[in-house]
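Next come two complexes, and both contain chain A; in the first it sits with chain B, in the second with chain C.
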Partner chain A sequence: MSFSADRGVRRGRVVEGVRAYGLIAGMWIRSTMAYRTSFALTTFGNFAMTALDFVAILLMFSRVDALGGWSLPEVAFLYGLSGVSFGLADLAVGSMERLGRRVRDGTLDTLLVRPVPVLAQVAADRFALRRLGRVTQGVLVLGYALVVVDVDWTAGKLLLMPVMLLGGAGIFCAVFLAAAAFQFVAQDASEVANAFTYGGTTLLQYPPTVFALDLVRGATFVVPLAFVNWLPASYVLGRPYPLGLPGWAAFTTPLVAAACCALAGLAWRAGLRSYRSTGS
Partner chain B sequence: MGAGSGRLYVAVAAGGFRRYATYRAATAAGVFTNTVFGLILVYTYLALWDEKPQLGGYDQAQATTFVWLGQALLAALAIGGGGFEDELMERIRTGDVAVDLYRPVDLQLWWLAADVGRALFQLLGRGVVPFVFGSLFFPVALPREVSVWAAFLVTLVLAMLVGFALRYLVALSAFWLLDGTGVTQMAWLAGLFCSGMLLPLNVFPGALGEVVRALPWSSLLQAPADVLLGEADPLPTYLFQASWAVALLAVGRLVQSAATRRVVVQGG
Partner chain C sequence: MTETAGTAGTTAETAERETVTGGEADGGAFIELEGVEKVFDVRKKTGFLKRERRRVRAVDGLSFTVSRGEVVGYIGPNGAGKSTTIKMLTGILTPSGGRLRVAGIDPSRERTRLAHRIGVVFGQRTTLWWDLPLIDSYRLMHRMYRIPDARYRENLDRCVELLQLQDLLDVPVRQLSLGQRMRGDIAAALLHDPEVLYLDEPTIGLDVVSKTKVRGFLRDLNAERGTTVLLTTHDLQDIEQLCSRVMVIDHGRLMYDGPLEGLHESGESERTLVVDLERELPPIEAPEPARVVRVEGPRQWLAFPASASAAGLVAAVAARYPLVDLSVREPDIESVIAKMYAERAGA
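On to the complex of A and B.
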């Protein structure tokens, strides 16, 4: 009896959190739209900054025909998947990287006294619609890749596409959440998170065959970024994955994402409990 | 400029150095992040040069050296932003710059001194460790002659001047635009693309390569790298960098006098 009541309360909190997230994000969108020109310019800037990485890849392929044995359409496929997954996660929860500042100056206290889940408030804090620029850039490259890449499409491979995009976004959300949890203890060292968020998406833009095996192992078993695109995309493209994992591993992205989010959630809870505010 | 004001600017530079040296955890975090990005980039470059040895006239060891040099200089030369310009723009926007202009010091030299102090700290604090890490674990092409290292240091000083002069112009745009976000972003893009940070400029195809090598941003990373790697003679490189430094600093001075004459400080 009490168990089911407890579950009811928990579900209530999740619904409440999502609702609060929507309200706060909506407020920030309205505030952004007060300066439409500024919004258009910063969205374009976001798009252009992200596109720079792909320009580098295009410049590389202007001089060579393959990188690590992968052709331009295949690398573009990887790039598009990584870009869209990361872009969605960045849009949804990327604001969490500002948490370090709130911990340092003590303004996190304000969020703690409001009757709304802290995670929802932190995730929606200064919700930046301009990050659609990054998503758009990823979608464009993915679209280009899908037109030019040579794939024998099967039902399984088609099904895998939305699964890996959403699962990949889930994995990146977990990275952002873990990075935010780390900021409770990191103080000034918040830049470390960039190595895993922006560094992670940069790593996944290139074929796994380019990197040393130890790095690929680390990105598969320690910080399982490989499940965002390396593993599922290798399956779709019919390429062997360097670590020789079984074929079904390509379909485990949602499970890995769920496990990562659960672990990151625990880390977040531990971080929030350890928060002692600022001041003398 | 007398000895007294010379001492003043040295003190400002020392202050800039100490200010950044205060944040040790942030520095360590920066070292870690630069090393991770260096690792990712170095493997893509190794793959690129595996595919085409001698691409752009570099061998593989020179290409890996270029990667680690880029990570070492990224923060010091503020190629991707992060120098003094955000602060100066904020002072222009809020009107605090009026206080700066009342001081019996030169605005451009004041910020130059502070930025040189910051650059020196970030070169030593953030740049050296990733570079040493890269040199230990990857094949690199480092010169044995002390003279080449000395020439490289001269190119670094000139690179700092060019980098400052470019960012000073970016900051001054706030006198007219107030919100410098757009300009900062464009400067950031140009810096990453045209300095060689994205890809060595000698790898750029055809005419595009010629154009980017003539632009001031190539003074930042490409020029010091080519001197260190023995791909360019020091004297013409000095001349190229110094010309851009003088020209851009002079333009900065012109814009500064136009700005201070024409623009009414906010809240006045």
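On to the complex of A and C.
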């Protein structure tokens, strides 16, 4: 008989999801580690590719002293924050961008007949540890920025560091999730999704002062990427906030992240429900 | 239908669970469908921005029950609603109307709970992890389904032996042939001791040897474990060798439900004798009830009842005509159903 069904049901769906995520990700990590050389090479490739981004910024600063009024250490600070936040989100749930393909070729059905939440299976699918390359690059740039940047550190500013990194990762996770949910409706939308994920992190590598005001408004109130680094970094660096936002706005990153994840979660549920009623 | 809502639903569920664990010793309905419907809105592009909306009833008021331990063939032409039914039975799709229960569970509402009790094999796509060795998929299933260690070992060993997977366990799934992959998929669907196994086209694209292996395994599984099996197929031999009962579906409705022999009778199915003569000749004057249905150069097609012997017909033709070669074709499901249709329309 079903020796485990009832026990499994009473467990919270979240706990079940996290457990399933761990199992699947663990399998992919073990499989990756079976070919260590290949893992080292692809991770280095991931690192080098993202490092080129920063080289471009360094080249720019060889010609100018400031970008939109921000110095190199300050831009490096933005870059590092954006890189680490995005890198963590990409590592954790970046595989979700493959959802559209799964819907198109029908393999999503095979996930729906397993006893664990679909979201966990989609997020952990082909868990790619090589994405640590991007995180490492972000950490190195952030480390460099922290050494060279001129900041009067206070307890508040120190506390804000881990809060904004995790909150920022949360916001990017929500963007990944919403983008995946959108692919239930438009299966070829992974390019659109990339505009918000990879495009988003590139946007945040530059200070808000170099962009048109409408773009900054959109990145604050529509897709609230500004809360990943622009606002909290402005607080830490003692710079005026974009759009003249109030002082406490820098500390709302975790709340914004939670709200975004909740909204994206609802979108995901709606998407999955629509898939299960239309089969396409 | 909203009869299971709120607290009433909870008590009803508890009651159902008790019935299930209490044992359906009387062989009561294990799968139950009552007026199940599935309606899709299909949008077709008819112009630059114009879209035409059309409602398609993929499943249209389907009712049937399957008892524990039955092996049922579920057949019908492409687009008849077979896969849609399977998807509703496994909880992938939510029905538009009607009542559906598997082991007392409403699949669309408690999909993950039901998943522990069912096994699913899709002929066209694998449930295995494509880039990983077969054994990795099994290990993951072991943990994911929380299968007790001893049980897992026992089931795996059994499947490996009977489905001859010994040499395949360390091979990445994408390198397996279609037949090997299908065997691997069947094993994966059975590790957690499901009470019912759904197979969607399990022998499609397999060679004769693989087909025989798969069929033999399924027959033994049903005999030894009493696993209920519901399979869709285009291959009449699957049905002949496995199923005690056949359900024919077309346009989302049940056309026939009963033993295979009855289907042949109701459809008056015919076999075809294909003969190659030495040269072009007028249609063969075959003994009744055989008749020539097609002539193409020196090749002629003769239809005769599936119940009649081919040997007599061959002897009769060979005695009077210069025969070069011949073959006998078994009736396929499509033609059986087509005949069944024609007769209903005529009646």
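Following the convention adopted for this analysis, the second predicted complex is superposed on the first by the 264 of 280 C-alpha atoms of A that agree within 3 Å, B and C clash if a C-alpha of one lies under 4 Å from a C-alpha of the other, contacts with A are read in each partner's own complex, and residues count from 1 in each chain.
One rule holds for everything that comes next: a contact is a pair of C-beta atoms (placed from the backbone, for glycine too) under 8 Å apart; a residue touches a chain by one contact, two chains touch by 3 or more.
As the structure is a prediction and not an experimental result, all values here were calculated from the model.
Applying the touch criterion given at the start, work out whether A:49 contacts chain B, chain C, both or neither, answering first, second, both or neither.
first
In the superposed arrangement, does A:115 touch chain B (first), chain C (second), both or neither?
second
So, A:187: does it touch chain B (first), chain C (second), both, or neither?
Only chain B is touched by A:187; chain C is not.
With the two complexes superposed on chain A, say which partner A:211 touches: chain B (first), chain C (second), both, or neither.
first
Now for A:67: first (chain B), second (chain C), both, or neither, which partner does it touch?
A:67 sits against chain B, while chain C stays out of touch.
Output check: A:39 vs chain B and chain C. Expected answer is one of first, second, both, neither. What do you get?
After superposing on A, A:39 lies clear of both chain B and chain C.
Looking at the complex, which residues from chain C come into contact with chain A?
Interface residues on chain C, with respect to chain A: 17, 21, 40-41, 84, 87, 90-94, 96, 108, 110-113, 115-118, 120, 122, 124-127, 129, 131-132, 136, 139-140, 143-148, 151, 195.
Which positions of chain B touch chain A when the two form their complex?
Touching chain A from chain B are residues 23-26, 28-30, 32-33, 36-37, 39-40, 43-44, 46-48, 51-52, 55-56, 179, 181-182, 185-186, 188-189, 192-193, 198-199, 203-205.
Quick check on the complex: what are the chain A residues that touch chain C?
1-9, 16, 20, 23-24, 27, 30-31, 105-107, 109-110, 112-117, 126, 273, 276-279
Spell out the residues on chain A that touch chain B in their complex, using ranges where they run on.
38, 41-42, 45, 48-49, 52, 55-56, 59-60, 62-68, 186-192, 194-195, 199, 202-203, 206, 209-212, 215
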